[in-house]
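Structures follow.
What follows is chain A paired twice: with chain B in the first complex and chain C in the second.
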Partner chain A sequence: MKQKVLNALIGILVALLLGAVLLVLQGYNPLETYQALFQFSLFGYYPFATTLRNAVPLVLPGLSAAIAFASGVVNLGQPGQLVMGALFATVGGLYLDLPPALMIPVLALLAMLGGMIWAGIAALLRRFFDMSEFIVTLMLNMIADYFTAWAITEPFKDPSAFSPMTPQIAASGWLPKWGEFNSMILFMFAAVLVSWFVFSRWKAGYEWRITGQNALFARLGGCDINRNFVSVMLMTGALAGLAGGLVVMGSTHRFIRGLGANYAWDGVMIAIVANNGILATFLYGLFFSAIQTGALGMELITSVPNEISQVLQAVLVLVIVASREYLNTLVEQLSARRRAREART
Partner chain B sequence: MKILIGLINGMISGATPILLAALGGAYTFYAGVFNIAMEGMLLTGAFFAVLGSYYTGSWLVGILLAVLGALLLALIFILFAVILKTDEFVTGIALNLFAVGATTYMLRKIFSVKGVFSNAGIQPIPSVRIPLIENIPVVGEILSGQNLMVWVAVVATFLSYFLIFHTRFGLRLRAAGYNPARLDSSGVPSSRMRALSLLASGVLCGLGGAFLSLGYVNLFAENMSAGRGWISLAAIILVNGNPLGVALISLLFGFSDGLGLLLQGYRVSAQFTAMVPYVATLIALYFYAARKRQMKSA
Partner chain C sequence: MDSNLIEMRHMVKVYPPSVLALDDVSVEFRRGEIHSIVGENGAGKSTLMKVLYGLTHANSGEIWFKGKPVSFREPGEAIRAGIGMVHQEIVLIPEYTVWENIVLGVEPVNWLGKLDRRRARELVRQKIDEFQFNLDPDARVEEISVAARQKVEILTLLYRNVEVLILDEPTAVLTPQEIPQLFAELTRLRDGGHTILFISHRLEEVLELSDRITVMRKGKKVDTVDAASTNRQELARMMVGREVIFTTRRKPQTPGDPVLQVEHLTLREDHGRVRLDNLNFEVREGEIVGVAGVEGNGQFELVNTLMGIQRPTSGRILVRGRDITHCDILERRRMISFVPQDRGKMGASLTASVWENAIMTHHRLNPNLSGWRGILLNTRYAQQFTRQLIDAFSVVVSSPRATFRTLSGGNQQKVIVGRELMLQSDFVLLDQPTRGLDVGSMEYIHDQILRIRAEGRAVLMISADLEEIFLLSDRILVLYRGQLVGDLPVEQTTPQEVGALMLGGHRTSP
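So, the complex of A and B:
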């Protein structure tokens, strides 16, 4: 645990240093830039609430990727599952009008259903035709992109809008806000808790983890690998789909073009940085959200384009993962050398 | 007849970027590198091609910069995956996202635009007209007037086939993937072969990216590689990396690209026609998996 935190800190420090070098090379003042970045994301009531809210569509796909990867399932379909979830929630919000206490759970469930269906297609193709989910989910991402683009330009288009988008969903489906705090963060906390519980405390989660570490051992131990594969796909699809639904219900209130942004891929990166740990995914999700949120404010006062956050994120991922693996081998080497010395004496 | 020629020409230009990227991926496939950074290399190449072509007014400089840009990505891949031994999958994913972020950032920083940069100052890669042959009906209309990069891709296909299967370099390359420990013990570091394969893939993906932004269209758009790097990965897996097979599969994907354009003429929604290449990939994967199952049961 101590080593994990140390690794993370070293990685973040090196990455920020590299980012500073990039900034200096372009003639920006790195200290000022970083100060603005964190000022607009962490320090203060409004910035912090915004960071929390923006973390929702990062953490949920992140959890999805973390659970999938740790279970040995290469589900890279989060982008597609996210937009399908958003589409399902939007369509539900357009045609249903229930009291909010019912409407919100129904829309959230619809969003999860959308993600599950899209992940389920990949799961079935793997289960019955042996098609690797890796490429299949990637292709389904592109197909979902075009499918949702079609859905908002033709059947569900808002006739009064100039660009493709749906009308607003019924107001009863809007997530309530308390001051700056949007209730979508409650869904995020719940998802983190449920994922942690299922993955670390339940029998199913145990079987998934074992399968991820050694599929043969799991099979010989009596796990139904195929069934577990399908359930992991469905659960991770539901998590990614929920992210899309929450974006619609909590911020845009309709399906607009580019709704999925880069959320899901950022989530995949977060899971990778977090080494597929549930709590680590949550924490790194907050950290990445802080960078993205702060970058928008930073642009206002330092003239550094906010897209720098995307570059910074990728550098962070590479450096943190590389330093983790490098430090691990270093620690192993040192301990091996020590053991060798002890054996000699 | 006109439709057929249009379809064939659409197929060829749709296939070219996929073919170039897939040839690059073939080198890493044989060297045993799980290289999924083709998508990012294509995108980086496309950006630098526009950058070079716009500022110097020369498409040749554009191509050169595209190759250098993609090579830079390959060098980062080598640094992390080969030297620091970071997981190849992680490195690839991070590099793809780095490419998206960096090109979007530079688009904003250098050209001060968001989304798309198109300008009359961008010099496209010229087409090659072949005298005499261009007068032959049908065949002439296909062979003549193709973009220069199409011919580069054709040459690259045969060159790669020759390099991989008929030279000492190719033998070592395949050995690095087949049995790295043996290669190491015979005095050739397998990590060097892996690094070389990544450089080769950088060069070819750079060329493919240059075709995307200076041949296929004449502009740079955010994330314009649009999954072609992933399709090329599928192409490599489907034919186990063989360059000639890769060429055939790329033509198949190019055909679905052209078919999509053709269907648009028949009032099919543009969004559905754009899905065709991805659906085609899924269908190809189905047959691949079916064949593998048959071989296993036989």
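So, the complex of A and C:
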């Protein structure tokens, strides 16, 4: 644990240093830039609330990817599951009008259902036709993309709008805000807790973990790995779908073109950086959100373009993933050398 | 000191993070001797040879070869200098012929730079004659026996004119009948001026073959002795550090009712090859049945069909009278304890913690491990359960939370055996239960197997080690090309008879 935190901190520090070198080469002042970056993302009431809100569509697909990968399930369908979740929540919000206490949970459940159905298709294709979920989930992303595009230009189009989008959902389905804090972050905290609890305290979570590490061992131990595969697919689909639903309910209030943005892929990237750890995915999700959020503010007061945030993210991913293995090997080699010196004397 | 062909001085090797594999080892090898290196698993004998051969690098120490200091960065350099090694796993191309494998990498070419097939074949033929190896240069490697493949490996090195041959446990894959021939060939090579370094932990054969013997224990050299002036007991004491009992502790016992019954079990693969051919046998209460056979004669498929990984083409498997032929794995695990041969692939998850490995299968069968409505895992009881296992099976581990990979091989196997025996199943299937273990752990596992026999459980044990089979079994089954060619009470047979059956499926030696 201590080692992991240390690795992460070293990785972040090295990445920031490399980023600073790039900034200097471009003729910018790295200290000012970083100061602005974090000032507009972490320090202060409004920046911090924004960072938390922006973290929601990163952390949920991140959890989805982390649980799937750690269980040996290659679900790369988070983008498709996210937009399907968003579409389900939107359609629910267009046709239902219940009191908010009922409406919000119903729409959230619909969003999860949308993600589950989309992931479930891949799970069934694997179960019955032995098609690799790797390729199927990727292909389903395309289908989801065009399907939702059609849905908002044809059946659910807002006739008064000039570009493809749905009308606004019923206001009872809007997520409430407390000052700058959007209640969508409560769903994120709940999702982190539930994911952690299922993954480390449920018997099913135990079987998923072991299957991800050594499927043959789990199978010989009596785990039903086919059923577990389907459960993991459905749960991770639900997490990605919920992310889409929350974006609609908490921020856009309708399905607009490009709603999914790059959230899901960023989430997958965060899961990889976090080595598929649940809490680590949450923390890295917040960190990446801080960089993305801060970059917008940074652009306002410095002349550094906000694309630098993407450069920083890329450097972070490379450095952290590379250093994870390298630092472990380095520590081991150093202790081996020390041991050898002891043996010689 | 010019009789010393190789001197290794003060070798130190640490495998990261802190496994001290060689602890200041100094040893000399003379020209034209057969020098055995013996020791338990993990004693450092293979590491010492790998360092010499350039496969791994020492942290400190010097190697002198023919009076000059050398340091081989990779095996190719060692071979060019005249030192070659035959590994435990044979690395040849099965589809190629013997001569093609031998010349591969140093092929004779004609003036166009093309492979000169006729000359290559002729050169190999000459080498075979020179060393009297009794090999057909045109046979394809996949069609020849393991012993013959080993000869091909040795010849591959001789073809490259090595003076020093290192052999890493070459007899482990051979049957008792094949060993004398290998030894005759090695002796002939030595008489022709080659130096042979022979790694083994089988003391009988080491004493028979060697001129001198170096004993290693826990990374240190204990001593180098003349083979003529020592004996098995002394070597064993040096190797283990205490007296070792070689005789069986198996007490006579009358077996009870049948527990496992296998009837007409047949497994035919899609392309028609028969892997298991109409097997019929039973294992009774309080009986250990050993399955002998050269690897690849159906043992793997027998285990797979018993455990439900593969479905038999026909036949039935019954445990306690219940037909389990079509049951899923969990249903079988209610009645079968299973210790697989490969710890890292089938028996455990190396990256998980000890407790996560210890509760596998129990988590489905032991209600104490279930929390609320069977959905939650009772992690507190899981820790307690793991502690019980650690105590009952003398596992050396810092905590149930330790990563399984950090345990030694012996302790890993104790966790796996302990987990399976704590299932309290009537039928216990053991696939190579002591493969790769040191003598101490091996003795411990053997005691546990005899204990469950005394409790009246039925044991089916597959082993490549005939000594182990004879030590423990009440009855011995012999598998040859998927057929059961022998079902022999241990008192009425000999290793020679079983070895002959393993090789040819009939009792007379070939």
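Convention: the second predicted complex is superposed on the first by the 333 of 345 C-alpha atoms of A that agree within 3 Å, B and C clash if a C-alpha of one lies under 4 Å from a C-alpha of the other, contacts with A are read in each partner's own complex, and residues count from 1 in each chain.
Everything that follows uses one rule, which is that a residue touches a chain if its C-beta (ideal position, glycine included) is under 8 Å from a C-beta of that chain, and two chains touch if they have at least 3 such contacts.
Here the structure is a predicted model, which means the values were calculated and not measured.
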Which of chain B and chain C A:204 touches, first, second, both or neither: second
Which superposed partner A:321 touches (first chain B, second chain C, both, neither): first
When both partners are placed on the shared chain, which of chain B and chain C touches more of chain A: B
Partner chain in contact with A:153 - chain B first, chain C second, else both or neither: first
Partner chain in contact with A:329 - chain B first, chain C second, else both or neither: both
Partner chain(s) touched by A:221 [first = chain B, second = chain C, both, neither]: second
First, second, both or neither for A:3, with chain B first and chain C second: neither
Chain A positions touched by chain B in one structure and by chain C in the second: 329
Of chain B, residues touching chain A in the complex: 76, 80, 84-87, 90-91, 93-95, 97-98, 100-102, 104-105, 108-109, 226-227, 230-231, 233-234, 237, 269, 271-272, 274-275, 278-279, 281-282, 285-286, 289-290, 292-293
Sites on chain A touched by chain C in the complex: 201-207, 209-210, 213-214, 216-224, 329, 331-333, 335-337, 339-340, 343-344
Interfacial residue positions of chain C with respect to chain A in the complex: 10, 12-18, 20, 23-24, 59-60, 307, 309, 328-330, 333, 338, 340, 344-352, 356, 359-361, 363-365, 370-371, 374-377, 379
Residue ranges of chain A touching chain B (in the complex, touch as defined): 26, 125, 129-132, 135-136, 138-143, 146-147, 149-150, 153-154, 262, 265-266, 268-269, 272, 305, 307-311, 313-315, 317-318, 321-322, 325-326, 329
